[in-house]
């Protein structure tokens, strides 16, 4: 061996990593994730996705803490929220972060979607990831809806009554949907705990799974360059001339492409 | 690889360092009871022997384990793995490999069938529990609104009561109650639910609400509140629905008239019964002719062309 | 070249290009991500702090700060005085329900429009299949996207500023007297008016313009006398219900108040 053996410190650090790598291949996966190439011209707009993920993680953590003190029962839910907010040490911060984190999460989901739309980043081969993203948006809004009821105050209660009844107007299935959401014919003693279970078990589980899939596809398919970049990644292949349909509709000037590279 | 196993050259020789480490930990724990000096001694022993042990383990094992596949793990900070290599983390399975064994139809069928069975066993009860209402066949027994004397003839009361006393406060509902005078020798009442027929918001009486004169009546199960009012109609604060004094829609999006409650007189008390949906009301007071339907949820048409969208009422409403 | 082959080849060239000219995700792109995440967490904490320290323990309006109260009153399924509103990100759906104000169209607002929007959103990559990504070369998609954003924004704004069908407060009644220069004998009528009529009518910015009910700030300037106003309230023209069951003296008081209302600077 011509190379000097690595220092002791380095080997002490590497040993557990190698141990894990040998038995799982996880370190290689993390290395691939960290050192994979992304287009040279990614910018701040590309951070909206990870920012959304951060907001979701904040929700998951603060939500888990709130769940330790919250009581999903119509008789005591409101009092437990009052106690969390006004009596527990830093309870106000946890609840405030969860409450406002929800708004931030939803705003970031919309901004992230707007970025993907503007960049045309939903096009081949990323169609499936767009669909997953839309499902995540719907589930995120559903989290907002189910969470709004949990303080069991007037706003939450009545917004939920209306939301459940909106489902009731679905043709044929409506009454059954209402029964499913209420856990009975009408808003009753089971409804709050049902919304609680949806809000903190079923829907977040689905969101976690879909985020995993979403990230897997992002890593596998790569990130799109900004379309107006000087030289976007993958620019070697010229675009076809603007379609005649577009030209006929007067929407695209024929032959007005900016650059053709070979 | 050699056919016979050599004298395990790869495993480190037995070492005393772990023993020293354990002694260090023991001394440290002892120190917690005895005194801080002992703690310090224990900590020193632990760290020292621990370091020696780790060094032994690290040096005694090759950094590149004899994994069948390249690349040998090099620890973090090394050059990135090329994309293709990491994507091929799962061994590629070609068609030939799959078909080397003859397909065993029985085993395949049995595996899939058993899987489906497990799925069914787990899903059906869960789904049934989720879809079916928690309380089946529990008709509300009705609710006592208190003595008849509290309802002077021709006057309106806003009554809040427990629709299903077993469920407690969560089943508190509000109705607008008017005593219409006697009809065929029995008192007649108009009892209109305050839940909007659009999407179930709480409608308000359009007219003065006499909250100073409100009464709280203790009945067998809970409290009934009666507030005198003098409405000219009812309005909904959500989406602008408006109703006449008989509950007919006059403006806005409600799809039918306000729901009503059945009632009965028992021992001089007014008892509220099941709620039902109303298409339209003709006439007024005790002479009203009500187009009565099974109770539907708000927003669901009971008459007109759109009733075909809602062929089934709620299974247990 | 077939379209499918072409886009496959374009994607292969993208992969190759990124491999050749791209930068490693860590630390170049991840630095931006981390900074942004710190900003997100800081904003969340800041909102929580402002919300908490600018409000007090009282529920509802009394305890509200600039970010609203900590909670409203405990849920009362039997209330007759509460105005339900959703969280802000559902305001656009909420206002949609107010736009479709005919019984026949309820299902469009509750199920129809949201379902169509969702289907369009999911099918976007299957409708827009060209390889072109520059916004200026995708006029249809970009115009549609901008229109959706504007309409969502407008609906959210309208939903957030909807006037509730609630009675006016005593303070508002005082400003009516100042601005409209009303005589003191109109006060009982103003109180009845504030309790009942503002559920549909507006008056100097109070009340809710519901069901097309006209603004009554200057209705006294139309030349009607007290008897004419009582007559209107009894009959209830158009969508307005009849108020004939109200006590005569209440109607007369309201009529006196309306007759005196000649608009700001008019009396």
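A, B and C are the chain letters, set down in written order, and residue numbers restart from 1 in every chain.
What we mean here is this: a residue touches a chain if its C-beta (ideal position, glycine included) is under 8 Å from a C-beta of that chain, and two chains touch if they have at least 3 such contacts.
Values in this document were obtained by computation on a predicted structure and should not be read as measured data.
Enquirer: If each hop has to land on a touching chain, what is the smallest number of hops from chain A to chain B?
Expert: 1
Enquirer: Going by the contact definition above, tell me which chain pair has the most C-beta pairs touching.
Expert: Going pair by pair, the biggest contact count turns up for A-C.
Enquirer: In whole angstrom, how far does the Cα centroid of chain A sit from the Cα centroid of chain B?
Expert: Each chain reduced to its C-alpha mean, chain A and chain B end up 21 Å apart.
Enquirer: Using mean C-alpha positions as chain centres, tell me how far chain B is from chain C in Å, no decimals.
Expert: Using C-alpha averages as centres, the distance is 28 Å.
Enquirer: If a residue has to touch 2 or more other chains to count, which residues of chain C qualify?
Expert: Chain C, residues with two or more chain partners: 15, 19, 24, 76-77, 79, 82, 84, 97, 106-107, 110.
Enquirer: Which residues does chain B have that touch at least 2 chains other than itself?
Expert: 80, 83, 169-171, 199, 201-202, 238, 299, 309
Enquirer: Multi-chain contacts in chain A: which residues touch at least two other chains?
Expert: 34-37, 74, 158, 161-162, 166, 169, 171, 187
Enquirer: For the complex, give me every residue of chain B touching chain C.
Expert: 80, 83, 158, 160-161, 169-174, 194, 198-199, 201-209, 225, 230-233, 235-240, 242, 244-245, 249-256, 299, 301, 304, 306, 309
Enquirer: Under the definition above, what is the set of chain A residues touching chain B in their complex?
Expert: Touching chain B from chain A are residues 6, 8, 10-15, 17-18, 21-22, 25, 27-29, 31-32, 34-37, 74-75, 158, 161-162, 164-166, 168-169, 171-172, 174-176, 178-180, 182-191, 220.
Enquirer: Can you check the complex and tell me which residues of chain C touch chain A?
Expert: 6-7, 9-11, 13-19, 21-26, 28-30, 32-33, 35-37, 39-41, 43-45, 47-49, 51-52, 57, 59-60, 67, 70-77, 79, 82, 84-90, 97, 106-107, 110-111, 118, 121-122, 124-126, 128-135, 137-142, 145, 149
Enquirer: For chain B, which residues count as touching chain A in their complex?
Expert: Residue list for chain B touching chain A: 54-55, 57-59, 61, 63, 65, 67, 71, 73-76, 78-81, 83, 86-87, 89, 130-131, 133-135, 163-164, 167-171, 199-202, 238, 296-300, 309-317.
Enquirer: In their shared complex, at which residues does chain C touch chain B?
Expert: 15, 19, 24, 76-84, 97-98, 100-107, 109-110, 164-166, 192, 195-196, 199-200, 210-211, 236, 239, 241-247, 250
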